[in-house]
């Protein structure tokens, strides 16, 4: 049995001593004011143990991490039909996102790039009775915490600046790959991304993916096969242009968000969540990447 | 001196005898109901003679032909500053319009593709006091005809179906190449495209481009150099993916619209306008292209 | 302890009963004559047990599977310097391989696509004394079998038909990313791809990647970190345009070849090799993909 | 009647006074040693008058200008069949030349980009009895000068450095758009580009394109329609990424070469040739562009 707390403590000290902390994402104005010195890690093992260090109870904007939860909900609602509208292959470059959509006739490459996540949001909008309320309840239920909420000023901030997302959504619409209006879909999508959670809440919420689809209360949220598919997608597509690098450096399925959060997991073993708002050049949390690389190196607990 | 009327009459008979008439553009619902058997030509020489055949007095939706008039107005307002926001090179493929915008950081390849025309619309919106009214008056003035008007139901039809234009406009906005809101710019742009004119009105309105920038009343609307530039752009960029083919087959600067109209001109000599709503596979009027090819072959009056 | 032999036998029967067997690759003339009914699987566990069924001892052309062994040799020779000349991210589409090279200034996206493998071949050519002999000995040594050899007629067959590889190599050369001549590099590369091995030989040869870099004789061929990196690259890049699908369906790092072979492995547990020459539309062995999917489903032994 | 000699003299003085002279093309080593201060213009009118200034009798490497003559010869040999193997539309960007070839299945966008010119060279190789000798005689005959010759050291220089051309030719071959071997086609192509001519020889050789297809001796080398097509292609495709700019600034069909030469013409009026080896950023002669812009501005003799 490894001493996980000691390992997290070591990583924490290293992070605190790292001078280069990356840059705060500036394109979402509401996120630009977060303090760059924040740093937290939380680890939850499948046998129920928990370990935390630093700001692991502080709320932050989960942003793209929400795409995994939205995908899970969509799969639980319509199953394999999801794959008629979005593919499962890694995307190429960030600069040609819309180019890919055009060439591939409006079918996004995977559900974790923005265009794919917008399609997933459209699916949720069509199949949930009270979309925003129902999705929030789904997340609260997974995390076992009813205090989780949207940050409406962050959601609104994206509405007035998220032109690339409007471009992508309109392009999807032109290919008949959105059932709802662009405005409705993006309103839902921006809310979904604005959810605020802490590292410890995220570790709880993602437990079902390390647990063959079943959550803490052993309710089956997804089939084992669905959970496996989501893990595979996180590994190949979860880190934008840095997916290959993350697969090597860390060796875990995971997902990052522009708010500085990362969740990663080793199936059947553990979930680990980190938060540090400074991003590297590829848009992933600089200290979070470093922390996860150290964790799997020190523990030798990765999939490879 | 050639017998222009006899030549137009021959072309008219050939067009009427052509069984394949192309397809009506279906993506603008309001345009889908036009009768495909319409066909008109109108010729105006610089010495003031006019010749017409068929439906040359019937109004139709000028659509993209309006881009040339919008560009002219923009150049008369801000001159060379236009070229800071849009390039003058032929675009590549239609399928990668947005891709090009992404790669080239939001600078459209030329003012006659949709993204470029949207930037021009933004310029007009910023520099005209009452944009829609002022632009309409500019067109009326050029054509010497105050009955010319917008077709509001066509403009509104595009508003609810023009998702690709919304995608392009949002992408331009994300690159800071729109000063006004996406909705305001596209509202103006869809109105501009919805203008209805006849072949004979178009021949009058485009006279200044064959006349070194001066209109019928000899008012200078553009400098000679500006008129020359617009003609050069029409020749290299006026026919989407068929610009090279048109340059060879017809050998005139010109511009087509999805409503089935085409205007072309030989500097210092004449302006010729055609209308036939059936389009070929590349989106240009099938009988119009045929008519113009026959006209320059029969008269030997082209730029090459 | 699972009954692996029984599982392989079941998979074999299913494969034999599958009517659709895919298409033989026709672009390498020498490979076009292989009998499509061939089918073999071989499993080797880290504790030394072996299981086989069907044509698991028959030699076939390993083709792109060789890229993994070439990469391993290159990493053992120059270590991290490999990554100055080739990236580690999944590629996008097959149709724009050369486009990607142009956009990315001659740095291939990863060492398992052709352009990347050609760069690796160039590295071996520069650093091995007798490149073809030395590389063959490396493979023989890993597999513990001196009978392994090149098939010179297959190698020559590619020389006179492999125009896309010549195009890629010349493009790399134009970006100064080849040290040797195009002809020398491709001569080595085509020989490397022409190596013939059986499923059981491949399982032996790939053991070091499941064994933290150490081979059967416990000689360290790679560091544990290097072995982990190669496994990560196989998972994200090993199956062309089907990498995401393979990650989900099978959930193992692996590599396919156009000769119909696939090798996959679960670190610390086992190596499994399949051979069936009929390919699916994406160029991977149809029955091999099916067999591996069944194997990880039946045994529940995958990384996810 | 304008005083052409006085105009050329003015342009010459301006060119000599221009400090920025551009950069010599360095990728063809043999061309790197030319003196940047060379500058010549030669004008020939259809009535037979000639005017020259500066180094208008000095030989230089015509390079891509030869593509127009090769295209003319190919059209005289197989007529419209040329267009089955190459398109006539402007290309997009220089950086994605090979990308376009891949997307468009090996059909080059036009015969004046390298890939298109390589296809034309393949046609000549297939249809000429003694290709190099016959093509040279064709050029000599057009120019009425048997002293014109290949520069074999320039041709060989390209053979050992022209990797992008080898890449393009191999890609064409992979799409079955070359009948001869890559080496044979490029050997011919590099010879074709290595022809050395002076401005005055070029003006003579291009006369047939301004003269409805007939040369000085009134032998018909092309039909009027073929001459018109080549002029149209030069206007839309003759200046790489600067075709639109040249159409506006100069307003003539023309073709530039990396050796610093440009030929342009006004149908039925004149041919003008310039040479100055310093290139602008887009690869066209800096002083040549300036000279031609001044010439059409001063004389008002352009197609627009």
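Per-chain numbering from 1; labels A, B, C and D assigned in written order.
Basically, a residue touches a chain if its C-beta (ideal position, glycine included) is under 8 Å from a C-beta of that chain, and two chains touch if they have at least 3 such contacts.
Listed by chain with UniProt protein names: A, B, C, D = Glutaminase.
Worth saying up front: this structure is predicted, and the values here are computed from it rather than measured.
Asks: Based on which chains touch which, give the shortest step count from subunit B (Glutaminase) to subunit C (Glutaminase).
Replies: Tracing touching chains, the least step count from subunit B (Glutaminase) to subunit C (Glutaminase) comes to 2.
Asks: Subunit D (Glutaminase) and subunit C (Glutaminase) are one sequence twice: same or different residues at the contact, by the over-half rule?
Replies: Same: when the shared numbers are divided by all numbers used, the fraction is over half.
Asks: From the centre of subunit B (Glutaminase), which other chain's Cα mean sits the farthest off?
Replies: Looking at centroid distances, C is the chain farthest away.
Asks: Weigh A-B against B-D on C-beta contact pairs and write down the one with more.
Replies: B-D
Asks: Just curious, how far off is subunit D (Glutaminase) from subunit B (Glutaminase) if you go by their C-alpha centres, in Å?
Replies: About 32 Å, centre to centre.
Asks: For subunit A (Glutaminase) and subunit B (Glutaminase), let me know how many angstrom lie between their CA-based centres, rounded off.
Replies: Taking the average C-alpha coordinate of subunit A (Glutaminase) and of subunit B (Glutaminase), the gap between them is 47 Å.
Asks: Could you list which residues of subunit B (Glutaminase) touch at least two other chains?
Replies: Expected reply: 103.
Asks: With touch defined as at the top, which chains are paired up in contact here?
Replies: Those chain pairs satisfying the definition are A-B, A-C, B-D, C-D.
Asks: Please name which positions on subunit B (Glutaminase) make contact with subunit A (Glutaminase) in the complex.
Replies: Listed in rising order, the residues are 95-99, 101-103, 163-164, 166-171, 173-174, 182.
Asks: Tell me, which parts of subunit A (Glutaminase) touch subunit C (Glutaminase) in their complex?
Replies: 87-93, 100, 103, 110, 228-229, 231-233, 235-237, 241-245, 247-248, 251, 253, 267, 302-304
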